[in-house]
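Input: one structure, supplied below.
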Amino acid sequence: MHPSYMVTEVLNLLAASLLLISFAMLSRRRTQRLITLFAWQGLVLFASTLLVAYSSGLRELYYSAALTLLLKVIALPWILQRLIHRLGVQWDSETLVNIPTTMLVGLGLVIFAFGLAQPISRMATTITRNTIGIALAVIFLAFLMMITRRKAVTQVIGFLAMENGLFFAATSATYGMPMVIELGIALDLLIGFFILGIFFFQIREQFDSLDLSNMEALKED
Amino acid sequence: MVILIVLGLPLLGALLLALFGPHRYAAELNIGISFASLIAVVFLVLRVLRHGPMLVLHDQFFVDSFNVFLVALTAFVGFTTALFSRPYMRIEEQRGHLNAARLRLYHSMYQVFMAAMFLALLTNNMGLLWVAMEAATLSTVLLVSLYRTRASLEAAWKYFILCGVGIAQALFGTILLYLAAEHVLGHEGMTALLWTHLNAVKGQLEPRVLGLAFVFLLVGYGTKVGLVPLHNWLPDAHAEGPTPVSAVLSGLLLNVALYAVIRCKILVEGSIGSYLPGRMLMGFGLLSAVLGAFFLWRQRDIKRLFGYSSIEHMGIITFAFGLGGPIANFAALLHMTVHSLTKSSIFFTAGHASQTADTQQMDGIRGLVSISPTVGWGLMLGSLAILGMPPFGVFASEFLILTTAMREHPWTTPFLLIALGVAFAAIFRKVQPMVFGESDAPPLPHSPALVPVFIHLAIVLMLGVYIPFVLAEWYRAAALLIGG
Amino acid sequence: MMTGMTSAVAIHDLHFLLWLAAAWIALGFMGMLRPHTTRFIAHLLFPLGAILCLGVALLAGIFLATGHAPQMVILPLGLPNLPFHARLDTLTGFFLLLLGLAGAGISIFAAGYFRHGQGTPPGLLCLQYHVFLASMALVILADDAYFFMVAWETMALSSYFLVTSQHRIAEIRRAGFLYLLMAHVGALCILLSFGVLQGGRWQFTFDAMRGASLPPFWASAAFLLALLGFGAKAGLVPLHVWLPEAHPAAPSPVSAMMSGLMLSTAVYGMLRISFDLLHIRYWWWGVLVLGVGLFSALFGAIFATVQTDMKRLLAYSSIENIGVIFTGIGLAILFDASHLPLFAALALSAALIHSLNHSIFKSLLFLATGSVLHATNQRSLGKLGGLIRSMPWVATLALVGTLAIAGLPPLNGFVSEWLLLQSFLYTPQIPHAFLNMLIPLGAAVLALTAALAAYVMVKFYGVIFLGQHREPSLVNAHDADWLERIGLAWLALGCIAIGVMPQLALRAAGTVTGALLGQTVNLGSPFWWLAPIAPKQASYNGLLLLAGIVAVVSITFVVVRVLAHGRMRRTVPWDCGYPWQTSRMQDTAEGFGQPIRHIFGSFFGMERELPSPTDVAPRYRIHIEDRIWGVLYLPIARGVQRLADWVGLLQSGRLPIYLLYSFLTLIALLVFVL
Amino acid sequence: MVRQFGEVALAIAIAPLFAGWIAQCRAWLQSRTAPPLIQPYRMLRKLFNKDAALAIDASPLFRTTPYIVFGTMVLAAAIIPSIATDLPFARVADAIALIGLFATARVFLSLAAMDIGTAFGTMGARRDMMIGFLAEPALLMVLFNAFLLSGSTALPSVVDASTAHPFFVDPSLIFAAVAFVMVLLAENARIPIDNPATHLELTMIHEAMALEYSARHLALVEWASDLKLFNYACIGFALFLPWGIATHGRDGAPELGLAVAALLVKLIVAGAALALIESLSAKLRIFRAPEYLAMAFLLAVLGLLVHLLLGA
């Protein structure tokens, strides 16, 4: 069936771009850039969800697409922008453990993720079978990003990127979770994000910096 | 209906407390609500006793032999903790560690947390389970950071990030589960995530996928259980949060997280029909037990010490579930019960102990029996109980676990032996000088509410020499359900 | 008909015994009703406890004398699939008899002793004391692993609280910690031993274990674990380190109970597992136990000689006696494994009777030290002396105990050692080329130990009760009060009674060996004679011996008075005409130990400080310590510390590292399932 | 019964004589003029007539000890089959119990020595106890040896067994005998361990213990030590030279007469031998005693092993 084939093509394209964005995030130093990239990621996610909704004709998926747009493309990036301006950390960059190796590790992870995804995509009925591997890869890369970051804000962005990956997995592999769950997840995400926002200020007033290297007091000495 | 009441009461309470937070009687209100939900749970339990397991609201919620006693336990410990927290928080407020606003936050978040616990236990929907766990994380993060000191913020931040990431893995696991499930159950409605339905068809679920799903779920929920090496948030959170929170973290949250893991294990083991999940649990359990014991050795902070001891015990329970079989499961369920009772009572006494000495450093706490004998003896007996000294119930479960391990996998027993021995030495050598000896500290301004401590210990003692028929039946049924 | 009668009676025995145990606990809680009124507790509760002890002894005695058919009861307690089983058989009966007899004396004494309660309030003390008694009785009565373990650990726990009743003193806390730690680790070993014994059939009643027949490897594993566990409780070298710390730390009646009674529960457990629950015994087990026992005996004796604290001295002597008992057990296992049941029965009887004797005379001596402690507030031998003049009662009764524990005829200590030596005489019949040449040397070690015990006791008695007061304050030391005297006298009577009528003890032991080995030694034909194998082989008659000594002594006395005269005058001591006799010129405790230090120097880690000839104020200081600490325990402690440090590195405090952990775990598991 | 009392009476009577005889032999060997044989009796009489001088704070224990020690020794004499084996009292204690009996005497004497609390008393007590615990293992090994030969530790049975086949000497017995003699010397405070004649403070053992005794008490103590020596000699005879002892069944008046004669002969020879040994050897320093007794122990064990190899 032709249109579905088309859809698959586009969807794969979007998935690939998602992966690309993840790599880009992995290598970015500036918080500012990261936020932009995060917004882009959200946008791609929105697009793909919309596409899946269109092709499968499930109403719920339109809702979740809308949710994505609201939350991940508009709300969160905006709030993040406000935050880093308020905190005045938009320009600060951080020294990562050297990028080439990180990239290589990321590459390995991607291969691993694809390998893992084989059995799943073999049984997936949706038109978007192969994308689960990419979703997994996005999650892994976000994880890697969190590990390599030393700043609170960037770590949170990594966390959100991971959520994106999860969302993508949900939509692409399973036509989305039941609505209630989606809402619950979204709600949790939002609340959690607000809490984080509060934390930033408290942390800064306590440690007068958002550098995680200050937060290493609790340990076995 | 009762279930809705059980779920609704705490939320209502949270709302009320959030509104009239700074009210003089906030603490009493908190107690009242906890008590009300305890009553509700009692009714629920009675119904289950009369009519057996039940599925309600389009199968969205259910009570079976596995979660019924956990619900009861949760309500009970929640109530006693509320009792304890009243004088405790009063003293904290007097000492200027807290202000009214924070206290309001504390009370309402406490109820939110309770609601999340009940939801996680009662829901039949793996997705809702995930949502509830996340909600529990969020509420406890706020509770841990209550003091807004550097340490508490750091602890809360680590807790948040680690558990957040963990829970994300769990979500992915849930998605995979859904993927495999809808393949069998179809996509219509929300049945594909209902545990009972999944359990019914677990034989047909695609093994490879469930294997992967289990890994993600295990890592996800396991982080909240505090399994080594995913445990790093646990001691910080226990040490830096207010003591009632440490009590409920150890007493309830860990149990519920483990409950989630076990629910998943049942499905996965049924599907892939191998001992793989069991082996994983055994591995994690053994690692946690041994390393937890060695962590204990060098602690200086009393609450940190008992946090690590929770890791050790969760390890033992996980190991027991990993062993599988009716007896090991029975032992594990029993151990869950007695551990949460004992550990929370220990945290009660430890909290008052550190208030009397005005420090959490154990070197600063001395001669409790000579200041307030109840605190001293409570701490002493509690520690002995948690260390597996008969006739306390912890020993009963450890007896069953050790002997089963001896039969099933003899090679594990030396490790368990080392773990228990080291844990005993580590904890007792710290507790003894705190309890015994001289002290010149002044007594507390508010008389500590130690009734809960001794109620808990009495129950634990009873469970050591006599297990009521009903409870035994639940354990048995749950053990069969878990199988393995 | 007749059997029905006896069994019915015996069933009642068991019920009564359980009720008595319960009554003890009840007494304890009554103590908590009025925890600070000493008179109520001292003059009502403790004497009641003593009466209960007598009841236990009586019931056990009746059971041993009449029906030997084991009786069982299942209690409505315990785990759902494993209720508490209780059982009364001859082994149980024997140890209950022991418990009751010694316990009665101790409780009466305690009634007098705890009036001067310090540290823990007397009510709490009363609770712990009676729970301790009850738990010991239940350990002996238990008939399934779980009940046994519960009682066993309750025993450890209650005794721990009793030991630390004076918890304000730092050493006492340290001693208590060490004690409970060792007890708990030992208990875990016992637990694992049971885990092996149930042989994978998930049956924890002892009956099921009797049924199980384990493969050799697992049987040996069970045995070794049991040896570790019970050895730790009994204080076998090298697991003895807690004993000389904990026993002295406790109040004297408690020390008496721990040394006299609790150690014998360990012996009971060892016998129960190795002779009853295990279906087979291998000869090398016997050799192992024999070796450990002999070494402990010698070790304890040697260390006892150099102690300067009277209660530590007694504690080391407990190690020695336990060693002797385990020597007997080892011999019994060895004989049994080489199919010489008669001699096995002989050795086992020796071990049983020795534990009975030990429980009696060791309690007596510890109680005596208690009286001395109250009268003088001194535990150090260097500050005592000459008390025979100010406290004649205690001195006289303690003399009996001293002679008994020194293994001198015609008292009870001698009987068991005699029996043990007798059983050594038959070791050449063991069909093992080397053993039958090596083991006779064990007899020599035993003889050496016995003689050393005599040495120790001469030191103990001589330095405490004889000679000059080493401190002026001792002049106004008061004698024990009447309750304490009754307790002491009861135990002293026991020493004499068993000494002159050993065949009664032998009969009691005979019922046990009959049940465990299906063989009893010759239980005294003719009745009043002790001739375990045959009168022609070797015979002993304590009664006649005592009678003979009394007769000869009195005759001599009369003759001397008649033929010569009884004139006598008091003068200053002569002492080769040295003019100034001060109390500091007599031998000190250290001095008395000096020959031993000289001969067995290699045993001790010794540091001493000798005065040089030119010292104006010469002082002599010596510190003896146990090598085992340095060899065994400190390395373990250091190892744990090091491991703990390594493990601590995991908690580095850096969030990225933590994230890395969970990431790696995730990857690893994924690879694992792939 | 008659036999029993006769034997006891004989022992009590001739024990001092035996001691006197040894002293005389020693005197001859050291070419001194010997005291008359009955010197010990004279001394005992003198002591009995004297008034007892008792230290001020001597306890009752101190006063009763001489009687107890004497009593135990007499009892031992009654048990040891010196002239006949079929004695009613002989079964009361076997050889091991005899050692116990001697130990009792030693312990009492040591306690009494510590009672006054003088420097020398305690010193003597601890030295004597030390010799005791070193000697007992050796002695036990000797008895073990005898047991292996006769299958009994009851001396009468030993005698009966070994006289059953006359002039039979097991090679192991030679070692055992040497060991026994060494132990005997040590136990009875003879050279090379102790010197019964010395009052040089720092070397004395037995004398140091008896130091505070006087008059009748001293007499009893001395007499008891003579008896002890006599008893040891008789044990030695029973173990190694049983010939002449009237055994079970063959113990009419003639055999008894013969037995007494044999006993006297043995005593004379043994006394001379002891004197010879004592004169030939020098007194050891107190801390050489362990080596000496270890040697005795070694010999006894060797005897045992020899028996286990060659014998049965």
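When the chains are written out, they are named A, B, C and D in that same order, and each has its own residue count from 1.
Here, a residue touches a chain if its C-beta (ideal position, glycine included) is under 8 Å from a C-beta of that chain, and two chains touch if they have at least 3 such contacts.
Remember, predicted model here, so these are calculated numbers, not experimental data.
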Which of A-C and C-D has more C-beta contact pairs: C-D
Gap in Å, rounded to a whole number, between the CA centres of chain D and chain C: 36
Distance between the centres, which are taken as Cα means, of chain D and chain A, whole angstrom: 101
Whole-Å separation of chain centres (CA-atom averages), chain A against chain C: 70
Centroid spacing, where centroids are CA-atom means, of chain B and chain D in whole angstrom: 78
Multi-chain contact sites of chain C, meaning residues that touch two or more partners: 648, 650-651, 655, 659, 666, 670
Touching two or more other chains - residue numbers and ranges from chain B: 157-158, 161, 165, 212, 235, 295, 298
Where chain A touches two or more other chains at once, by residue number: 116, 143, 146, 155, 215, 217-218, 220
Chains touching one another, given as label pairs in label order: A-B, A-C, B-C, C-D
Of all residues in chain C, those that touch chain A in their complex: 648-656, 659-660, 663, 666-667, 670, 674
In the complex, chain A residues that touch chain B: 116, 119-120, 123-125, 132, 136, 139, 143, 146, 152, 155, 159, 162-163, 166, 169-170, 173-175, 177-178, 180-181, 184-185, 187-188, 191-192, 195-196, 199, 202-203, 206-207, 215, 217-218, 220
Chain C residues within the chain D interface of the complex: 385-386, 388-389, 399, 403, 406-409, 414, 418, 421-422, 425, 428, 436-437, 440-441, 443-445, 447-448, 450-452, 454-455, 457-459, 461-463, 466-468, 529, 535-541, 544-545, 548-549, 552-553, 556-557, 560, 563-565, 567-576, 578, 581, 583, 585-587, 591-592, 594-596, 598-599
Residues of chain B that touch chain A when the two form their complex: 125, 127-128, 130-131, 134-135, 138, 141-142, 145, 148-151, 153-158, 160-161, 164-165, 168, 171-172, 174-176, 178-180, 182-183, 187, 189-190, 192-193, 206, 208-209, 212, 235-236, 239-240, 295, 298
Contacting residues of chain A [partner chain C, same complex]: 112, 115-116, 143-144, 146-150, 155, 212, 215-221
